[in-house]
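What follows is one structure encoded as C-alpha cells, with my remarks underneath.
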Amino acid sequence: MFLVTRRYRFSASHRLHAPQLSDAENRELYGKCNNPYGHGHNYVLDVSARGPLEDRSGRAVDVEALDRLVSREILDAFEHRNLNAEVEAFRHVVPTSENLGMEIWRRLRSNWTATFPAAWPRLEKIRIAETPRNIFEVRANENE
Amino acid sequence: MFLVTRRYRFSASHRLHAPQLSDAENRELYGKCNNPYGHGHNYVLDVSARGPLEDRSGRAVDVEALDRLVSREILDAFEHRNLNAEVEAFRHVVPTSENLGMEIWRRLRSNWTATFPAAWPRLEKIRIAETPRNIFEVRANENE
Amino acid sequence: MFLVTRRYRFSASHRLHAPQLSDAENRELYGKCNNPYGHGHNYVLDVSARGPLEDRSGRAVDVEALDRLVSREILDAFEHRNLNAEVEAFRHVVPTSENLGMEIWRRLRSNWTATFPAAWPRLEKIRIAETPRNIFEVRANENE
Amino acid sequence: MFLVTRRYRFSASHRLHAPQLSDAENRELYGKCNNPYGHGHNYVLDVSARGPLEDRSGRAVDVEALDRLVSREILDAFEHRNLNAEVEAFRHVVPTSENLGMEIWRRLRSNWTATFPAAWPRLEKIRIAETPRNIFEVRANENE
Amino acid sequence: MFLVTRRYRFSASHRLHAPQLSDAENRELYGKCNNPYGHGHNYVLDVSARGPLEDRSGRAVDVEALDRLVSREILDAFEHRNLNAEVEAFRHVVPTSENLGMEIWRRLRSNWTATFPAAWPRLEKIRIAETPRNIFEVRANENE
Amino acid sequence: MFLVTRRYRFSASHRLHAPQLSDAENRELYGKCNNPYGHGHNYVLDVSARGPLEDRSGRAVDVEALDRLVSREILDAFEHRNLNAEVEAFRHVVPTSENLGMEIWRRLRSNWTATFPAAWPRLEKIRIAETPRNIFEVRANENE
C-alpha cells in the first residue's frame, strides 16, 4: 500500500461573512477577514490517494488521471476567482478554509469513481495551506 | 557596508483592469487576472537597507525601527485588503505587482528620513513575490 | 472532522547533558551537543487540533484562542531563552527535542480545557522541527 | 511515544520502462518518463521511527545509528547513480517512485534489527519526494 | 526600472566527463559525478529581465511571452532529458551547471529580440539551482 | 563570468551584550536578545565566488576546495558553539549577525589565496540568514 500525494496551487480571494449573523457579530467573529472588500491567498492543495501497486505500471495512482480530475473540478473553478461571488457553494456558506476543504472534498469524492473505477486507489485526504502557517486537513472515514 | 534584509508577509486581493482600456482590451491583456470579482495572493515583501556598522550597537540597521515603519506604512494599509477598492493609489492605477512595488517604494522612501535621520542606513531595494514563481524588484538609483 | 494546524517559531539555546551521567558518558552520548557552552536552534512548532465544524462560524478551531494559549504557555517561556538555565522543567531533565516536545505537550494539555471548554476541538499532535532535517512528533492517545 | 523523522537527500537518474511491455505500450504508459536516455531527480527521503523515551539519554531514537544505517544501505547505493543500470533490484523492475520506496523499505526493514536490536524504536514510515509536487509514502503494517 | 523574475523547473540527467581528458583524470576531477551511468537533478531556473513600466499595461515584462520563449527554447529541450546524449551542445562539452547556464543564456539571448523586439525588457540574469545547495548565475555585460 | 554559490548550515548560540555599555543600556538596545543566558539559531550561510570558466574542467569554482575551506575556517569553529564564550573574536565584540558576517568574511578572505592561488575565482559575497526573516550580506569592494 502506498500513499501518493500530488501538490496543486491556486490563487483566489474571499471574504469571511456569515449571512445569518449581524454585521457586528461578523466583525467580532472574523476580524480583518470580514473586510467587505475581501482579501486573497495563494492556496496550496495536496491531494493524497492510497492504493496497492498496480503490477503492469509499477505505480499506485495514475497521476495524469488525477491531474485531469483536479484541473477540471477544482482548479478551473477556483483559480483566480472570488470564492464568495463566483462559486455557487459559497453563495450562502462562509468560505472559511474548513468549508473550502469540504467543498473540494465533495467535488473529488463525487467524481472519484468516474476517474478511478477500480477498487483502488481511494481518496485518502486533502490538505489546504491557506498560508504557510494555516493548514487544514480533511480525511476519509471521518467525513463520509 | 552591510545589506540587511527583513521579510514581511501580507495577504490581499486585486483585479487587473486598466481604466483607460476597453473591457475587451483588458480581457486580452490580463486574461484571468482581469476576472471582475478579483482574486488574491499571499505577498512576500523583502525590504533591504544598506549601511555601515554602527559602533555602539554592532548593527547596521535598527530592525525594530524598520519594523515600525513597514507596519505603519505598508502592512496596516495592505494586509487583508482589496487593493483596487481600498488603497487610494490604485483607484485609477492598475495594481500589477510592478505598480504595487512602486507604491511600496514611494511609501518607504517618503518616510525613510523620519525613521532613519542619519546618513545611513539607506533603502536599497524591495522585492515582492506575488507567488513563489513571480518576483518583482525595485532598486534605488534606478527609480529616484 | 478537520485537522487544523498552526505554525509557530521560536529561537532558543540548549545543552544536552544528563545530570545522572558522568562527563565522559555525556560526551560519548551527546557528542558536540554536549558542548558545555551550549548551542541553539530556530525551532518550528506545529500545533494540530481536531474537531467538527462549528456551525455558527464555519470553523473547526478558534485560531485566535489557540494563538493566545501558545503565546502564553510556550512562546513567552521559550523564545530567546536558554532552555537548561531558564525553564524549570529542564533543571534536572536533559532538553532533548523529545523532552522539549513532552514539556510543550504537557503545557498545552493542562491548559487546553480552560481555552477550549467544549468537547471539541481536541489537541491531536504537536510537531517540533529542531532543524529542517530533525523532526519530532507527539500525538494524543499515545501519551495520555 | 514519539515519532522521530530524519531527512536525507540523494540525486539519481532513472528511466521508466517496463520490460514486459512493448515499446509502444511503454511510451503510452510513461510518456516523457520513458525517454530512452533517462532523466533525473533530487530525491528527498524522510525516514520516521517510533519509540518511547529511553530514560538514560532522553531520546527516542539513536539518530547517529539511523544515519549510519541509511548511509550504508541507501545513500551509498543510490547517490549519483542510474537506478536502472546500477541497482540490482531495478534490473527487471521499473524504478517508479513506488518501487523505489518499496526497495528502500525492504533495505531498512531487513537491516533494522541489527541496528536497533531492542523492542524500540520501530520503523514507522518512509516518505520520498521525487519533486516537491510528487510525494510517496510507505508505512509499516500495510507492507509487512 | 524593475527586475522581474520568473521561476521554471525541469528534471534532467547528466554525466560529468570531459572528452579531452583520460578516464583517470575524469574520475579524479569529477568524482561521483563522473559515474558512467549518469545521475540526475531537479533543476530550478530563474530568468530575470529588466525594464521600465509599460504605460498601457502597468507591467514591465510580458510574462506570457517570456513563458512561451522559455518553454520552446529551454523546457522542451531539457525537460526529462539526458543532457549528454540528447542535447547537441553537450555532445563535446561537459554538462556542468556552468556550461548548462551558458547554453541556456545563449538560447535566450539569440531568441530574445524576436520575442521582445522593443528596447525593453532586457535579459538581465539567469540563475540555476542544481540542488538547493549549488547555485549558478550568469549575468548580462559579463558574458556578451 | 559566473557567480557560484554554495550553501552551508550551522547551529550556534549567542548573547547580544556590548561590553562598553551598562546593563540598562544593553537591555534597552538589544531587548530579549540581551537575555544573560543566551539563545540560539540555525544559521544558513551562502558563500558566493565569481570567476570565468576554467577550460579543462568546465567549472568556474572548485567546489570541493571551497567546502574544505569553509569547513576548516567556519563550520569547525562555529558549529554547535556558543559564539560569545568559544570564539576569540567575540570575547570583546558583540556577536550580532553583522559582526558574525564580518568575522566569516575575514576568515575566508585571509585564507582565500592559499585555497585559490590563481587570479580566479574571487570571493564575491557572503549571506547569513539568522532566521528566514533576517538576512545579512557582506560584499567584496565594500569591505576591503
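Some points to look at:
As written, the chains take the letters A, B, C, D, E and F, and residue 1 is the first residue of each chain.
Note that in this section contacts are C-beta pairs under 8 Å (C-beta built on N, C-alpha and C of every residue); 3 or more make two chains touch, one makes a residue touch a chain.
Quick caveat, the model's predicted, so the values are computed rather than measured.
Number of steps on the shortest path from chain B to chain C, with steps defined by chain touch: 2.
Of the two chain pairs shown, A-B and B-F, the one joined by more C-beta contacts is A-B.
By the residue-number overlap criterion, the interface of chain E with chain F counts as different, with under half of its numbers used by both chains. The pair C-D is the one among C-F, C-D or A-B whose contacts match those of A-C for more than half of the residue pairs. Mean C-alpha positions place chain B and chain D at a centre distance of 43 Å.
Centres computed as Cα averages put chain A at a distance of 29 Å from chain D. The multi-chain contact residues of chain A, meaning those touching 2 or more other chains, do not exist; every residue touches at most one other chain. Under the stated contact rule, the graph of chain-to-chain touches falls outside the line, ring, star and complete shapes. Interface of chain F with chain C (complex): residues 9, 11-14, 32-33, 35, 37-42, 79-82, 85-86, 131.
Per the touch definition, chain E reaches chain F in the complex via residues 16, 18, 20-21, 29-31, 93-94, 96, 98-99, 101-102, 132-139, 142-143. The residues of chain A lying in touch with chain D in their complex are 1-7, 46, 53, 56-60, 63-64.
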